[in-house]
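Structures are listed in the sections that come next.
You will see chain A twice below: alongside chain B first, and alongside chain C after that.
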Partner chain A sequence: MELLSVKNIKKSFDDKVIINDISFTVESGKIVGLLGKNGSGKTTIIKMINDLLTLDEGEILVNGSKIGVESKKVISYLPERSYLEGSERVIDIIKLFKDFYEDFDEQKALFLLKDLDLDINQKLPKMSKGMKEKVQLALVMSRHAKLYVLDEPLGGVDPTSREKILKTILSNFDEGASLLITTHLIADVEKILDEVIFIDGGKVILAGEVETLREKENASIDEIFRRVIK
Partner chain B sequence: MSFDFKGNTPIYLQIIDYIKKQIISKKYRLGEKLPSVRDFSMQFEVNPNTVQKALFELENMGIIITESTNGKFVTTDEAVIEKVKKETIEKMVEDLYLSFLDLGIKKEEVIEILSSKE
Partner chain C sequence: MIKKLLKYDLKKMTNLLIYLYPITLAVALLTRLIKLGNSIQLIFIIGQVFSSITYSLVGTILVNTFVQILLAFNQSFYKDQSYLTHTLPIEKGKLLLSKYLSALIVILASIIISVSSLFIVLYSKTLMQGLKEMLKTVISGFNMSGTGFILLIAGIIFAEICFLISAGFTAIVKAHTYNEKKVLKGLIWFAVFYMASMVITFIVAIISLAISGNATVIFAEVLPESAFITLLSVALVIYITLSIACYFVCNKLFAKGVNVD
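Moving on, here comes the complex of A and B:
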């Protein structure tokens, strides 16, 4: 079943075309990597899926519904930039999530935060960028969503924490749920992916199953990416 | 344990290879229950669908058996394992031999090098 369907979307800012006719789907139960260089349009697509930007043309359906109240209920979204900017403690943010999302699992959040060595009584301003990103990931993965959209989840964390983050992602998305993940750290992420979509210059350059691509090209996804995207 | 996969080969093939070697070396014994898909996925840090695919192929080869409610087990058929062992060894020798040939080392020298090993 298609959980996410992106059909012929276009987006321009002023006269600059950012997304030029992109289509792809994410099936239920799949982990899909949306890969591209900085400025390729990844975050623009993610923002359109999350109703933070409107489409100029085309259509996005999430679980059969157009983008809006219904789609937001089933998407758990990790933005590229942290929104944890207040002076609260982690525990206050947990309460906020509990009030805000029906599908939020507080026990799971507490477990994940502990697992990531984070102190729920610590105040956000006292935390490093990497710690805040971990808090946010733990909260996002604690929702029982249908589609998890993670925009650069490894962005601000040090290499030794990356493995832990990937494990957290792998072990915490519900069965039948799907994951759309953007990253420029392809080598780190490729082993958890089912499918990849390479975008460049606002277009899909290559898309397919990772194992099929590895077999066909006799190369890692990271290498294939560097071959096709200059 | 983190698992070091080669980037240019499908991961499911590398998982098949790993599990076969675990069985041949008796780290997984005949009839022993295997870890679940989720456990393997965590152990290797790979996509669960990739593990599923590897286990499916191993089942087609008769190396593992699914008991619908209990999970997956190593076969109890010794002949199957013997065959896997033979094939695996042949493949390893073939690879080794080819890499020696690549270096321009002759068969006689290969035999000499191998027999000098304890």
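Moving on, here comes the complex of A and C:
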């Protein structure tokens, strides 16, 4: 079943074309990597899926609905930057998630935060960037969503923590749910991916199932990426 | 849902004011207590210093009310916090309405605290008598009670502040329909809205005076009482209308979607 459908989307900032006629779909139960160099347009696409940027052209459907309240009910989004500001404590953000997301599992959040060595009574201003990213990840993975959209979840994390983050992601998304993950650290994520979409210059350069691509090119996804995107 | 949103919006808009309110009231009360010993020169001087501190705190409350409301709006809708705000499963109209209602509540609270603090510091029988006499003189020619006059003036001030906030919100939303120089464009749009409100007020005031048979007063040196009340009433209606109009424009722009920073 098609959970996310991105059809011929375009986005420009002033005269600069950032996204140029991109189309792809994400099926239920699949883990899809949206891969590209920094500045290739990955985050712009993710922002459009999450109603943070308007589309110039094209259409995005999530579970059959246009971007709006219904799509937001089924998408759990981890942005590349932290929205954890103010003088609140982690527990206050948990309450906020509980207030606004029907599918939020508070017990799971408490478990994940503990698992990631985070104190729920700690004040946000006293947390490092990496700690805030872990808090956000725990909150996002504590929703029983249909589509998890993770924008550079490994971006600000040290190499030793990446395994732990990937484990947290993989072991905490619902069966049948899909995962759309963007990263430029391809070697770290390629083992968990079902499908990949390579983006460069605002266009899809290559897309397909990971196994098929590996067999066809006789190389790892990381190597294929390096060949295709120069 | 609005209730939940209000809870979080009020918290954001009052994160500094929540401390300023009790401090200002406490300093005002302390000033009042100190003034009880006015006959001693040193205590009189200390009383004057504390009075000045109260006035500064009241000024800080008023400035902060504007700044905090506009900052909270901008941060919540366009800065890092927007990544959470816009991904909540809530209609954009409700998000906006909550900001407007929160702003109204904060403005009202700031006015009440400021007026109360000033009243505590300045209250004296002589002052009240003087104010009553002044009010009597002002309203002597009007067909209006003193309370009615005070309410009208208070209403105009409140409505003008609401308009300024509403225009500020609309200017921020309008500025974010562009990709560059959003702060500058926000300021320009705010100036445009404010100037437009002045022009509209002037035109409507002249039309109202003409309808009430007072058109010639615009050339008069002293405003007749009847024309004065007409102008005040027109100002109140215009500010309320413009505040609502700005809200609808803002809502329409906002519904088209946002482009966060």
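Please note the rule applied: the second predicted complex is superposed on the first by the 230 of 230 C-alpha atoms of A that agree within 3 Å, B and C clash if a C-alpha of one lies under 4 Å from a C-alpha of the other, contacts with A are read in each partner's own complex, and residues count from 1 in each chain.
Everything below uses one rule, namely that a contact is a pair of C-beta atoms (placed from the backbone, for glycine too) under 8 Å apart; a residue touches a chain by one contact, two chains touch by 3 or more.
Worth saying up front: this structure is predicted, and the values here are computed from it rather than measured.
**Student:** When the two structures are laid over each other on chain A, do chain B and chain C clash or fit?
**Tutor:** fit
**Student:** Mind working out whether A:50 is in touch with chain B, chain C, both or neither, as first, second, both or neither?
**Tutor:** Second partner only.
**Student:** Looking at A:13, would you say it contacts chain B, chain C, both, or neither? Reply first, second, both or neither.
**Tutor:** In the superposition, A:13 contacts chain C only.
**Student:** Considering only touches as defined above, state whether A:83 meets chain B (first), chain C (second), both or neither.
**Tutor:** A:83 contacts chain C only, not chain B.
**Student:** With chain A's C-alpha centre as vertex, what's the angle to chain B and chain C, nearest 10 degrees?
**Tutor:** Taking the centre of chain A as apex, the angle works out to 160 degrees.
**Student:** Now for A:30: first (chain B), second (chain C), both, or neither, which partner does it touch?
**Tutor:** So A:30 only meets chain B here.
**Student:** Touching A:69, do we find chain B (first), chain C (second), both, or neither?
**Tutor:** Second partner only, chain C.
**Student:** Touch test for A:170: chain B only (first), chain C only (second), both, or neither?
**Tutor:** first
**Student:** Tell me, in angstrom, the smallest C-alpha to C-alpha distance between chain B and chain C in the overlaid model?
**Tutor:** Minimum over all C-alpha pairs: 27 Å.
**Student:** Hey, what residues of chain A end up touching chain B and chain C alike?
**Tutor:** No residue sits in both footprints.
**Student:** Flag every residue of chain B that touches chain A in the complex, lowest number first.
**Tutor:** Touching chain A: residues 2, 5, 7-12, 38, 41-42, 44-50, 53 of chain B.
**Student:** Using the touch rule from the top, collect the residues of chain A that touch chain B in their complex.
**Tutor:** 29-31, 163, 166-167, 170-171, 187, 190-194, 211-212, 214-215, 217-223
**Student:** Which part of chain A faces chain C closely enough to touch in the complex?
**Tutor:** For chain A paired with chain C, touching residues are 13-14, 47, 50-54, 69-70, 72-73, 75, 77, 79, 81-83, 85-87, 96, 99-102.
**Student:** Which residues of chain C touch chain A once you look at their complex with the stated criterion?
**Tutor:** Residues 4, 8, 12, 15, 75, 80-84, 86-91, 179-180, 256-260.
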